[in-house]
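There are two complexes below, and they share subunit A, which is joined by subunit B in the first and by subunit C in the second.
Moving on, here comes the complex of A and B:
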């Protein structure tokens, strides 16, 4: 067949389909408006409180941020890669259960975990109550132990965010496990040695991609660090903008933060190099290492710890609080809150996947640097604190409102369209990285074959590639769904009148220090996200066999 | 099959957008007719929701609300400019109302009802904003470990006797900013900075958590005195959880500076926005919120002190007794907020 290709046909196949690229670039341009609004601020002269912020605050704030980034990064890697290895390569009691359950902490927003930990461990909490009852003379030093410290923040972030690393590593290991590891073992290497010499290099792309997501979440968190009194770089942005009323300084700080993330993204790309991974020939049938005795116990403990800390304990505490408040809090209004949350999350998930497919596909078929570079711009929204993005979106949407519907800020105040746009800007990275990795896995050969057979790029995408990608698309949609369900600052600032979601209700009551009343909404967020993540597991599992 | 299912999901997603958008439009309709009022509020208390419902019942005016932090709402107002649909801005602190005024986001209102309900030191001189509830920032202490003589004044908190014993939350908290601003006003910036540095030296731990957490920490023995707003203690005392009530029983409350200028008091208040499309309704809402009925509910349901003289307090508040309140013009708190924040940063109060 290939022999019969005419030169003209080959040229046409190799030609860049500019219509796709054009569409992708247009989408990037729209998504980038809020980011550019922020980025352009970096070039403006510093605001009046720049010297104050840079001189008195930043040293300590940057110090905290570095501790968080390093601490969370390392801990999330250890937990994520370690657990992924255990559930894919070894056999111990419960390995099947852990292989999907370990994703669940992703359902728990970091700030909710922070509030529940504090509630459990403070003087009215169950732990201290128990200790007081069992050991009445317990030393004061224990009773006065304070969970609200930077070490606890590191652990909290790590146990709710490691699933990003876990999920990507597990997928890679399942796909590439086969022959490589088998031969490594045949060469007589021990389990540990195989893990470090073969396993770790194998999952390097997953480690980089997962940690990039984890760290972006850490950099833009505001709820947990604020409650625990650990000021970070983001605290500095808020202090400059909202407390000191100095927009220019805040924008310059946000710009610096974006730059840091850009460097992270470039590093991630760079460490991947030009290597193209594809699954051709990978076998998924591997004999697992059987673990027995203390090794099995160790594996169970290793997998159970993050699951308990990041999921079971927060949920248990929320259940206890809900028991006290559900009678007064759960009413017809609660149903409306739930529907608002689900509707927004589903709409944002669907849109994000659609846009991500266009961007990733364009980057793939153009194969040049142009689209690849441009799409990076669309990913930056994930790194910037939501409240800052919100203002960028506000400026963009209001400009549109004023030109299209002069005199009425209708889009913003009467519809959720501005909010959906903001979610796209914010979470494009989540959808894109997932879709892109899906495309990479499918490899080039399928598309080339389809194109050679005369199918257009669109037809190839719709009929050949998307069906192969359905696991990745489902994953992307579900991750965005979960993120939107948990999202706070954008929703708070950009929602229309009389429009509350579960997350906004839970957060506002929690910041009002009415934790029991906030619990049912928080629980609903977590349980819904959990259900969806279980579906994700199914989707991925089917994607592999089907 | 996969692509079909996916397309279905996307279509459903888009349909959802349309439905939500239509719902949003139906809810507000961009209608600036005479029967509604749009509120940007930092307050998200159950009491407020009940009050808005009551207002609608009495007047037929529908109340539309967006709640977020005052700082974010002010930013939104600034960006919306004259297109803003908001009629009323409600904050939990006079400093933020002052900022809104100085940014030109509010407009003067003259109403004999508001002027007679709200004492003059609790409202803006030009009628840009009006206090609706008062909250005192007070000492909560362990009576068996702290000597009340050392708790006579805010100034005393910086004394060496309190080393390692003071619990107070972070400086990003607006209540602390206003407290320090009041000290700047009364003592001057140098003395206020020395005070803040002294308090930082005396902290029992790095500031973390909210006011409730500071009260619990006193009960647990982490420190001996906490600086908190009154209603947090009232809430614990009123809680359904016996453990919370035990905490409230274990601590005592003290209003500082009773022999001098009085305890630091801030307000939660509201102003009519510069470009309010429903100005008349907005003024009516403020008048309603300053009236007897609403003031009593603020006091009863949320344990805030009413601004209107003669309105009955909740039982818990009555049990704490009358106190002398600082009558410093609250506008000053707004003017000195920036200075206070900078002092906090300089003395390393996280």
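Moving on, here comes the complex of A and C:
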């Protein structure tokens, strides 16, 4: 019997597609390096400036982070869930338009919205000028009201990030609305009562998932808080690394930030429980509550406010500034910036898709828990702030340089290789989830059919799976492309000397108070992201109806 | 059953497979000889599809061995991946490659042959399944029945030693099914290929299969020729899988048993007074208006007057029966019912 058992185990071991599993595990191991470096680095002795940071700065970092997380979380929830309910469950002028347009603020990076708003509300900005013209006697106290405060940052984050909550809630409401909500109405519940008693519990998983995404973006942000002078962990990491030159303190701050993210992830998982975002019971024939008079006006105002604040006004202002500065700014240098940005984004997108295909495919043909579990590690990067990943990559590169590969640091930091690698770590989940859902849609029977027809796993992938995955691969690449285009903190830390992208140049010019000059770069990023968002949305909508 | 039988194409011995805590297949054995059409029958979830996947190499057994011909392909420390087993498989949803034409689908498994040979072989199998002329179409341009034949042609093209069919009749409507059963039988006989096919309805394979294995809860319940299983089912499960059945309790008396339809003479193992169970097929129940037999009342007439539910007098319960030709029975009619001794199929287990 003992012989039989070991023979069975031997069979199982031989049946594992080791080439694929090995390749996948190796990729995961490499992708996990920056995160492991930070995790392990927390245990190292504190850096020389740690006492100073912990004593005088850390309380502010923690306090500001708490205000941002709570403020943005609540505001994004109200905006996202409220708007999702209005566009799916009620009828008012423009509900169809808002249903897709409310996603648009996702195209605006928070830091760009932040400095654009600062410019608009500045003493010399259009808002104050307007106020002064219309009400000449307005007191100086109001006119000198300073926008550079944490409350403003909270609002700005909320109006550009609420779409995460909105999208997930809208999806849930669209899929489940039919019978559940209609039976609540038939049982005599009023609109508000149905919203709170049935609707809110229904979208609870979307609320948790959406807010988690929003808060990860908040914790990831460097540009907005830096511009508004609100010290947080990311600005602390930059300060420790660049100003104080204290690597260990940067690592420790990164570690604490990662811990906060981890707590968020655990809370989200706990809150979501067993609930899933998808449900088969789709219904196209949901009766909407007709809203009339002041109710309709209220609905329009509720939906228009975040759209105007988070998208329309910033874009309009950037257009105006660009009109003023385009003549001098858009030159050969601008072309180089664009090429840098688009080239990096395309390369990262392609690489991420390739790695995601290997990981997803290996997990599928191994069918065990090994690869699937390992893959989770590779996806963790999406929740880890870019600055933390950047520090992890730099520390890893420096260690590599000191030990096995002298010269590695020069090679990696002088070229975009380290930057590309960091993008892979940060955005692997974006590519993976899209590729994975593609595999899901293709199903397993064509793969099995190919194998029994005599094709190896590699031939099966090349001839059958990849051609059928084309759409998913394209979507995955494009999503990573846009994320890389918008990325700021990681790029700021890891870019080679004298190498700029649209995002870093826009931010630096803005920080130097050259807002008009920064506008064309910002606009280029936002318009590209908007186009992609609109196209993807169109494609997805068609896919669902077709 | 001797291990040295040269005509044995497949032998599965002591195979077990569990998914997490749930055993899908346990201690299972199965053999198929050259040219045989072997049906594996069982309700959904009995492990029959898992068995097929274990044979194809799409699952790895936890214990036991699988041999194809003389080659050990799984278990005993060995593993041959699906692409090198020489097994063709037709999937329940066909698994056709949607981006390939019919011809390209069929040629897919012939990668190791020269181009002209691939084309001539593909044309040959397409002719075999009566799809010649449709090679240039894409799968979505074909009917369900045609798609299945493409899948069959693709599986047959590389001349596998063994063909596996997973629920070949489940994705087709009833009208198509009957025709397809006949066609499939013809194609398989013409190809002369050893076939294992998995179905949940034994009626689909009564005319088609040379041997039938009935599975339940991951184990073999009974195996034999279809007629054998129909005539002497081992228990109620097998009896019901092979058509409608009245499962009745009988009391052992000397020289026979007392059924709800009267006492019949037969050889029976138990002592008088014990209870045994038996199967009585509805078509074996003889119903008449004036006897002989046990008095009963017609309760339900179904199947356009062809099937009746009888309630037997004196609390003997109910049985279903085939209504006699031209009897024109209706609910409430008084009738008599009896069963010939040869048609009472006692279950060996009691």
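The working rule: the second predicted complex is superposed on the first by the 369 of 546 C-alpha atoms of A that agree within 3 Å, B and C clash if a C-alpha of one lies under 4 Å from a C-alpha of the other, contacts with A are read in each partner's own complex, and residues count from 1 in each chain.
Keep this in mind: a residue touches a chain if its C-beta (ideal position, glycine included) is under 8 Å from a C-beta of that chain, and two chains touch if they have at least 3 such contacts.
Predicted model, so just to flag it, every value in this text is computed and none were measured.
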Partner chain(s) touched by A:473 [first = subunit B, second = subunit C, both, neither]: first
Of subunit B and subunit C, the chain that contacts the larger number of subunit A residues: B
Which of subunit B and subunit C A:387 touches, first, second, both or neither: first
Subunit B versus subunit C as contact partner of A:456, first or second or both or neither: second
Subunit B versus subunit C as contact partner of A:56, first or second or both or neither: first
Touching partner for A:446 - first (subunit B), second (subunit C), both, neither: second
On subunit A, the residue positions that both subunit B and subunit C contact, one per complex: 463, 467-468
Subunit C contact footprint on subunit A (complex, rising order): 4-8, 10-12, 14-15, 17, 443, 445-446, 448-456, 459, 463-464, 467-468
List of subunit A residues in touch with subunit B within their complex: 52-53, 56-57, 60, 118, 122-124, 128-129, 140, 143-144, 146, 148-149, 226-231, 235, 238-239, 241-245, 324, 343-344, 346-351, 353-354, 387, 390-391, 394-395, 398, 401-402, 407-410, 412-417, 420, 462-463, 466-470, 473-474, 477, 489, 492-493, 495-500, 504, 508-509, 511-514, 516, 546
Residues on subunit B engaged by subunit A in the complex (per definition of touch): 1-3, 5-6, 9-10, 12-14, 16-17, 19-21, 24-25, 27-30, 38, 44-45, 64-69, 71-72, 75-76, 79-80, 83-85, 99, 103, 169-170, 172, 177, 205-213, 216-217, 219-222, 232, 235, 240-241, 243-244, 246-247, 338, 341-342, 345-346, 348, 350
Touching residues (chain side subunit C, partner subunit A) in the complex: 53, 56-58, 60-64, 74-79, 81-85, 87-89, 91-99, 108-109, 111-112, 151, 154-155, 158, 164
